[in-house]
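As written, the chains take the letters A, B, C and D, and residue 1 is the first residue of each chain.
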């Protein structure tokens, strides 16, 4: 295993120490593993927080700040945070107006956040939960734990954060988050497996001429394995899967994310974005906003995901609202 | 070779098509391979441009925009741009006040930019050149082509761009760029080789327990090969090399960049940043500003570089000035 | 089972999980996210410390403390599931008696299974903890009249069989379900750790 | 050498570079940045097209056009160096005569070398183009009295020898210099392409 680490068991805490050193404007509690906005809690403002396993950086800690998350609670690598930790973050951002939990749809995340919400409710904090399940590679059937939460999480966090910043109620913030989720679809393809510090070796072996199609962000193999194809065809598979699952009427505006899984360089992501944009254009979709980069990652996995979010005027307005976080910043 | 590409020979042009699609506020000339700010040239404003081989994204195209570069001219992968291309970019940003070329110190880059500067001068455009050679792994002796330009390029581009935006003369902008370069030192370590699309396989084979020390950003092997060490020791080697080459008096303020070479995930870069910050703190260096991420890359290389730039009040003021580019944005 | 035996059981689980942590993680690597062994090892290490500190007076307290600690230290799917299971087992035991008999433990184990299924909504055949836990409880109940050692041995054997049978199953819950039919051919990590738990009981009760 | 032979020379270089592009790139991969073959191949492909379009009337024009095209298509170190060399060679030839003799070509090749050294500041032994080009020009000059075929053959042999000798050299110029002593043991890509250029001359002049 080739990583810039000291001890596999200490990676998350030591990375948090780096976050603390790099961003003095965030409050990082390394013991509790929570990252909180310096000005939280703000009386009367709905707190927005998210969390999940580590290994998806900049998600979620990189999105804490003005106009986005009030707190993040990163678990161990690929392991959802524990209820105590989520509760601590919830308390840290509760300004009396309720707290919105943004939860990616994984069994572990859902259960731990649910337990934390119960604990918070015992303490009189109103918690609303937005479940993100945008990954259309996983058919939502009795055969699975449901669709996974992936790239759309970023858009949900941006939109809910902006709405909370504007003073909306917890119910309104949560409703907007759920709407973004419902209007989003993602699909991912990997060229290599990632290596968790704990396992020390790649999760699977992929021959030089093959790719995993329909992967998640936890290093698991995808829905199927196929021969490696040119970027143009990969983009087409991806866009077809997305529009197949959540069709968009011609003329619809969308926010599009071409996201790297951690080990894919920007030059390839831009090349893919060019292909994706051309395909969406052909399908009559108007790309109103886009983001190209490594945002919702899977450690060092070489791979990419595409997220398309149907956007109305409200979503675009909230997307454009000022944001000041380590990984996403504009307007301020 | 596992990459999201169509044709190795078309990677740069196709990635530029993606840049054009993603950033309608930039003018991208795919034929000429140049990326230009929409409002260039601005009468009376010094044009700041940079270029070099592709494969270092977001450098340079990702830094074109308000408060930073007016144009970038990306060559083929790891191949400096040609004089015609540089000339076209120079003409595109010449507002009559002269143009500053920011050139990383490589034989090819230096020669091509020099030829372009001569062509521009033939056309009556005053060109000033800032040579960046911050990589202290390469001793500046008769035995080398001189120190390489690496991470400090970002800081030079930010500072010169801000100064040009503020209306300074070409000579003043170039002088500030050279000062940043002189006050900067970088050192890089790689865990894997990168693969250029043209070569189709990694530049070198590195055993699982070894690292290349003192690498550049072109996939070449480093100054020496060593056993892989914990992040803490790697950070120490790096900081020692930097402070050894350009010592900083206790209390000195610095801008610090912990940079990934393209294949290293953010969680590792933050972990490294924590180590680097602690070491600099121990050495009495005050980290006034920092940046952690993949900014000056070498395709998919797993590796990192540290850049330390001694910063005075003017440099910090220019660093903090508003910037609005695809890869660096604040204050606007 | 008295407090000492209950604590031996937990200590034996902790030892087994520590020893098999890599194995569990490798199983999870094939069809999940390569953290099951690390997670449980972190959890049971914390449980051992927590029990030393708390010094519980009843079997029920031992098991509730175990569950509570797992919930707050493990995370992922296994943390809430095993945590809730141990809490439910503890809560189903007589609250004030310092020993419990095999029949009482059988009832409590059944309550633990119910809690896991309530929380995780898995049914037999979904390729989860339930596929080892279910048969183990049934075997335990059936042999409860023969005393704890026999019941625990029967439970461990049934858990092992259930665990092995998960290999051929197509996962419908947890991360492995994302793989669809590709989950077939791999033994479930959670069912495997469940077997370790029942085997530890058999070992200390023997 | 007349215009047709000059164009055959360039065409032969283009063919050799195309055929050896991977080899040159692999050599550059070991001590550089793995682009030398791709770069020259792109450049000489463009040169062939440019010559077809320009249809030059003199040997000098052929070579100046070649150099100009290389400068504007290759990039990197090799583009300016080879581009400047061919431009200097062309400019050193009689501007209006449609044929040049071996002695005139020798003088021009020497001017090309001087231009390369002026631009790149490399001296013999630096592990560069100069290490093949220098011996080749010297051998060409020495054999010029025996006519073009003999002079070109001598130059190609000397270039090959110079190229092979770069393997043992410690680079002091270009990217390979960054490797320090680790550059030793690898043949220089630029010296190798220089040999291809002189070998192409020997082949067409034969």
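Here is the rule we go by: a residue touches a chain if its C-beta (ideal position, glycine included) is under 8 Å from a C-beta of that chain, and two chains touch if they have at least 3 such contacts.
On a predicted model such as this, the values are computed, not experimentally measured, just so you know.
Undergrad: Considering only chains that satisfy the touch condition with chain B, which of them also satisfy it with chain C?
TA: A
Undergrad: Please tell me the distance, in whole Å, between the geometric centres of chain A and chain C computed from their C-alpha atoms.
TA: Chain A and chain C have C-alpha centres separated by 32 Å.
Undergrad: Let me have the rounded angstrom distance from the C-alpha centre of chain C over to the C-alpha centre of chain D, please.
TA: So the centroids are 74 Å from each other.
Undergrad: Rounded to a whole Å, what is the gap between the Cα centroids of chain A and chain B?
TA: That pair's centroid distance is 29 Å.
Undergrad: Take the average of all CA coordinates in chain A, do the same for chain D, and state the distance between these two points in whole angstrom.
TA: Whole-Å distance between the two chain centres: 54.
Undergrad: Using the touch rule from the top of the page, what residues of chain C touch 2 or more other chains?
TA: As it turns out, chain C has no residue touching two or more other chains.
Undergrad: For chain B, jot down the residues that touch at least 2 other chains.
TA: In chain B, no residue touches at least two other chains, as defined above.
Undergrad: Make each chain a node and each touching pair an edge, then name the shape: line, ring, star, complete, other.
TA: Here the contact pattern is a line, an open path with two ends.
Undergrad: Of all possible chain pairs, which ones touch?
TA: Touching chain pairs, listed by label, are A-B, A-C, B-D.
Undergrad: Name, in rising order, each residue of chain A that touches chain C in their complex.
TA: 9, 53, 75-84, 106-108, 111-112, 115, 137-138, 142-145, 148, 196, 198-199, 201, 203-204, 216, 218-221, 223-224
Undergrad: What does chain D use to touch chain B in their complex?
TA: Per the stated touch rule, the residues are 25-26, 29-35, 37-39, 42, 71-81, 119-120, 170, 172-175, 177-180, 182.
Undergrad: Using the touch rule from the top, collect the residues of chain B that touch chain A in their complex.
TA: 1-7, 11-12, 14-22, 54-55, 57-58, 62, 191-192, 208, 211, 228, 230-232, 234, 262-275, 277-278, 287, 290, 292, 294, 297, 299-300, 302, 304, 324, 326, 329-332
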